[in-house]
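Listed below are the structures to be examined.
Two complexes come next, and they have one chain in common, chain A, joined by chain B in the first and chain C in the second.
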Partner chain A sequence: MISLRRITKRSEPYVLAAIILLSLLIQVRSGQFFSGNNLVDLARSLIVPALFSVGCMMVIVSGGIDVSFPAIASLAMYVTDKLLLASNYSGNVILAYAISAGLGLLMGALNGFLIGFLRLPTLVVTLGTSSLYTGLMFGAFSASASDVPPSIAKHGKEILFTATNPTMGLTSNMPSQILILIAVLILAFFLLRYTMLGRGIYAIGGDETAAERAGFNVRGIKMFLYCFVGVLAGITGIARISMMSYADPSTMLGMEMTVIAAVVLGGTRVTGGMGTLTGTILGVALMTILSNSLILIGIPTYWTRVFTGAVIIIGTGVTAHQTISTRRRRAQSQKAAA
Partner chain B sequence: MTTTKTADSVRRGRSARDPNLLRLLVMLVFVFVLMTVLRPNQFATMADFNSMMRQFPEYGIMAIGISLTMITGGIDLGVVGTANLSAIVAAKFLIGTVPRGAAPAQVVPYLIIAVLLSLSVGLVCGAFAGMLISRFNIPAILATLGTQQLFTGIAIGITSGRPQSGLPLLYSRIGNMEFFRFVPISFVIFFVVAVGVGIMLSRTRFGTYMYMMGTNPRASRYAGLNNTSITLRTYMISGLLSSVAGLIMMARANSAKADYGAPYTLQCVLIAVLGGINPNGGFGTIGGVTMAILILQFLSSGLNMFNNISNFYRDVIWGGVLILVLVFNKLLSWREERRAVRKSMN
Partner chain C sequence: MKRRFLLVVSLVMVFALAVPLFAQSYDPMSFKSKKPMSQWKIALVPKDATNAWFVRMEVGVKQFAKDTGINAFQKGPAKTDAAMQAQVIEDLIAQGVDAICVVPVDPAALEPVLGLALSRGIVVIDHEGASQQNCLYDIEAFSNQGLGQTIMVELAKMMGEKGVYTTMVGNVTNASHNEWADAGVAYAKAHYPNMTLLAAEPRVEIMDNLDTAYERAKELFKKYPNLKGIFGTSSLSSPGVARAIEELGLKGKAFVTSVGLPNENKVYLKDGTLQSVLLWDPRDAGYAQLAMAVKILKGEKIENGCNLTAPGWTSMQFAPGSTKVLQGKGWITITKDNVDSFGF
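Now for the complex of A and B:
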């Protein structure tokens, strides 16, 4: 009984139920959902938002919000791409990831400094840096769609396996970038679960003053957090262009909305202090299925933004409602105990 | 303790001798002189003033809307979506109902209905955001990120993403009218809005309530204020102002489209912060915001006169200025705090 109540209080089961219902609906309407190639396609389009969502979730758990990660990812990957093209580099792709991650680290560090050390409001700061980075990309580097160096192109062709759909004759390849996602997820899981740093992120989000008094280095943790988001964004940028096999500077801009929606939908509490990786990935999966499959059930693509907006509002509304009702219940039980 | 803080901040928010206003004025004069020296034949000519007066009212009015929500401690990121949606509703109505080749006198009632329709869409959008924030306790940032997506999404959905053109000629004729062949009607509307909102903030009870709630929502609730109603009304005003901006944009472009003015959101937040509105709520005046609007307009008009500067550098400058202003204000408030501590120790 107690465990059942605990389950219904969390968001993950609802999101999972929504995913199952939606996939059954699509399966009934189109008969194509549970085909091997559709599932591989979904996994493929899930990689980039899922990579972003890990960092985004950690920031929201800490009580902040970051809208600059698509700009960081775009600028980092674009500069890396141009650098490698100019130097005719044809070696290992790891260098591309390293350079892009390094650039991401620098850009994230600026966010971290402004937010952690100067204690400026996170939304306004990241709106500002986002504009700064996209402006630099289009202004200083006059960015436009460009080729990718051979190492990245080769990396994009590495596939794990191919799924075929015998009835439609379609095939889909599982890209190797999914391994990066899995590695990042494992790393983030250990970081959040087994390190003091991870505990600190939750502590700051719960109550910053309390966390500081308890001895957490709040500035340092925030600095780390925004640097981590930057590094992750840099890596995501390279993963994206290797999968697309050309570097389009505007391909990731605007993704912040869907990623934030997915994270919030996955049960991350918007006021900070709560959130899980499982919920986040489920949220991303639901958003990906929604945007990939609305066409399959006959809803025109014009309406996808309405769905994103509605999902943000309903998702945040539900978590806000849960926060208040738990607070009320706790107050009542305290009263009863007294 | 709390009451003195509230009273102090209200007084400071209203004070005419606000040091921030002086700083803004210096900045305004500096930018103006700089541009006049660099581009004497183009900047600060009559034609230039006229074109500037045409450009800033649409985002200036939205910036005032955002500023109001920031004074109450929230933020409205949905202003551009509201503006476009309400303009599209008005445009759809006009295109769908006004008979072809109708005489101007016949068109007037349609125009009045269209304007009223658009303003009520703005009010409803604002009320929706205000309700999400005050009734459902969704943080303003996320609620309005959501409404921005939702309103833009609805606008794209009902137009299939196509611009709505073919408005009756009379609309753009009125919308682009100039008094004395110099003062555009949009500037007059901006002026009326700025003065009206300024009076509301400094002279009415509601204005004081907004500052009080922005300074400390819990204290204002315990003081007997109805926070829910204040929030709701603030976002409705912001929605209303957005739809006014939408009508101006529609007149200027002679059409309505779902994704007009996308960079205005950031620009409006920048104006509010530059104008001395504290993102945490409780501080700021419309005078400061107006000066920030002028500074930005001088900068962007001036930059336009340099052919070798790409438009994208404007993004860099907006972002950079926003962050620098934030840092500067922070350092200043730290210095004031230290000074206050020293004074209290003596």
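Now for the complex of A and C:
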């Protein structure tokens, strides 16, 4: 039996409650939230930030932080896009994903090398590589918004099903890219829960020295982690441009802030060692619902930023407060034991 | 370490205070350059170096450099961001350029840094920033009034001059977009009695992002079933909204028009989701900004009718009541018939 006390200590229930309250508010204000096509629209908007959040959460759990994933995704997808356009390739889109993931792997490996082997601070490294990759993209490749090759355009038109709003007749398509998200979530779940590698990520986030003494290969785990984030970013880049049939190199830049906020909102401790996939997806869902429903709620444009800012502050504030109170309680019990 | 950091912070703050916050008025004639023309360095700062619109503008910049032999170049932020744009301008001031032409993301946010540029004797020319105080001149391809009315005329044609519409801007702080929208709304009020502005959401912001335009349009059509038209301004609003219209199954029932690039809208113009988009050529706008900077560096007096040597920019007129804002003539309506004729 899970006690109520244990549940209230976790952040997932709070985020879930916030999502339910927000959904009800939107439903009351617009009568649209629970319509099939609105839910499909939300799922569609969720795909890209959720894909990013999986890698981002794993890095934060390991005690690090990565702000370079939008830059990796942008450069990887852009180079892939241009390569395929130049070679007139019209075959399967899997090649596009493979090239982009490969480029992501290389870029992630640079992060992994600097962080795992040279032991440089994660924020500094990823800030640096982030500006290196965007610099390469805009400087060396002089990137600008571009068309997508036929294989990616065709992939963008693949839909799983169409949801129709019965009262208004509006239709929304569920893009096939959601399958990628589901696959990544399953993979990450097994990795974190059932492999030594996954447990190692939590261990080094909890206490790196202890993890090393316990026999975890800290360097190897960090190397893997940043390579994994790179591969994921490469895949996300192609998913993004295929859904829009338009490769805009700057469309993903700046997403690191909302993704990190969503991960923290979902209960991942910024100090490392704690975090769940469920919480992360709930955090992303809350942020996505919020940013895609302000018109449905009827909030005028001029107030949207205030509203979004307030939710982030309150949400992360609750999570931070929990961390502090848990720590205080632990300190008190330690004192009592002594 | 900490003390040094504090020192740096306080120094930055002192310098920030020293920058004239309020617009000083400068005599454009006093900016005549003493250097020979071959040593001039003129920079054009777009909102976003990667946006197709500004990539096209750079074509004009390069053309101008080739035609005149002047060292003119374009340098912009990696994304549409007022703070990043200010940083680019600071770097240019430090490099000692002779003139800065800028298409501001947010004119108010650039006042301090442009004030600094002027105080150092650097010519500052704005484009699409009519509210800018710290500039010598702001040049516009047309009057904001005129373009706003033209967008509305196009939208009204599509909507059959009746129904509910709303307006969409790149950023709520974007001066030109808001002026076009205001002029369009005023024109509709006066000329189309059967058209009404959506009172609950009269102005929607798309953060200068195609995906956001698409997402906001979907929300709008879900929340307001009788919404029939979207008066777009940013070049990203037409393709974004058109995608939403197509996907929601509203083709022929909901309409949008805005400023737009031919290539970005080609598919939707051809399949009938879009009827028309409006355009002036950013190439010519880039060319004209540099021509204007050169006129001032040469010490020429700027008067009504001055010629900036780019098509549609040959007879500039001061905006009513202004001695700073100059307006040209000419926008093009792009339809499925001429969309292929631009080459970009």
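Throughout what follows, the second predicted complex is superposed on the first by the 310 of 338 C-alpha atoms of A that agree within 3 Å, B and C clash if a C-alpha of one lies under 4 Å from a C-alpha of the other, contacts with A are read in each partner's own complex, and residues count from 1 in each chain.
The rule is short, and it goes like this: a residue touches a chain if its C-beta (ideal position, glycine included) is under 8 Å from a C-beta of that chain, and two chains touch if they have at least 3 such contacts.
Source: prediction; values computed, not measured.
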| item | value |
| --- | --- |
| First (chain B), second (chain C), both or neither touched by A:280 | neither |
| Touching partner for A:296 - first (chain B), second (chain C), both, neither | second |
| Touching partner for A:114 - first (chain B), second (chain C), both, neither | first |
| First (chain B), second (chain C), both or neither touched by A:41 | second |
| Touching partner for A:165 - first (chain B), second (chain C), both, neither | second |
| Contacts of A:134 with chain B and chain C, given as first, second, both or neither | both |
| First (chain B), second (chain C), both or neither touched by A:271 | first |
| Partner chain(s) touched by A:304 [first = chain B, second = chain C, both, neither] | both |
| On chain A, the residue positions that both chain B and chain C contact, one per complex | 134, 138, 300, 302, 304 |
| Complex interface listing, chain A residues touching chain C | 30, 32, 35, 37-38, 41, 45, 134, 138, 143-145, 147, 165, 168-173, 244, 246, 248-251, 253-254, 292-296, 298, 300-302, 304 |
| Complex contacts: residues of chain A adjacent to chain B | 65, 114, 118-121, 123-125, 127-136, 138-140, 142, 257, 260-261, 264, 270-271, 300, 302-310, 312-313, 316-317, 320-321, 323-324 |
| Residue ranges of chain B in contact with chain A within the complex | 75, 132, 136-139, 141-143, 145-154, 156-157, 160-161, 266, 269-270, 273, 279-280, 310-320, 322-323, 326-327, 330 |
| Residues of chain C that touch chain A when the two form their complex | 48-52, 55, 78-81, 172, 200-201, 203-205, 209-211, 214-216, 218-223, 225, 239, 243, 247-250, 263-264 |
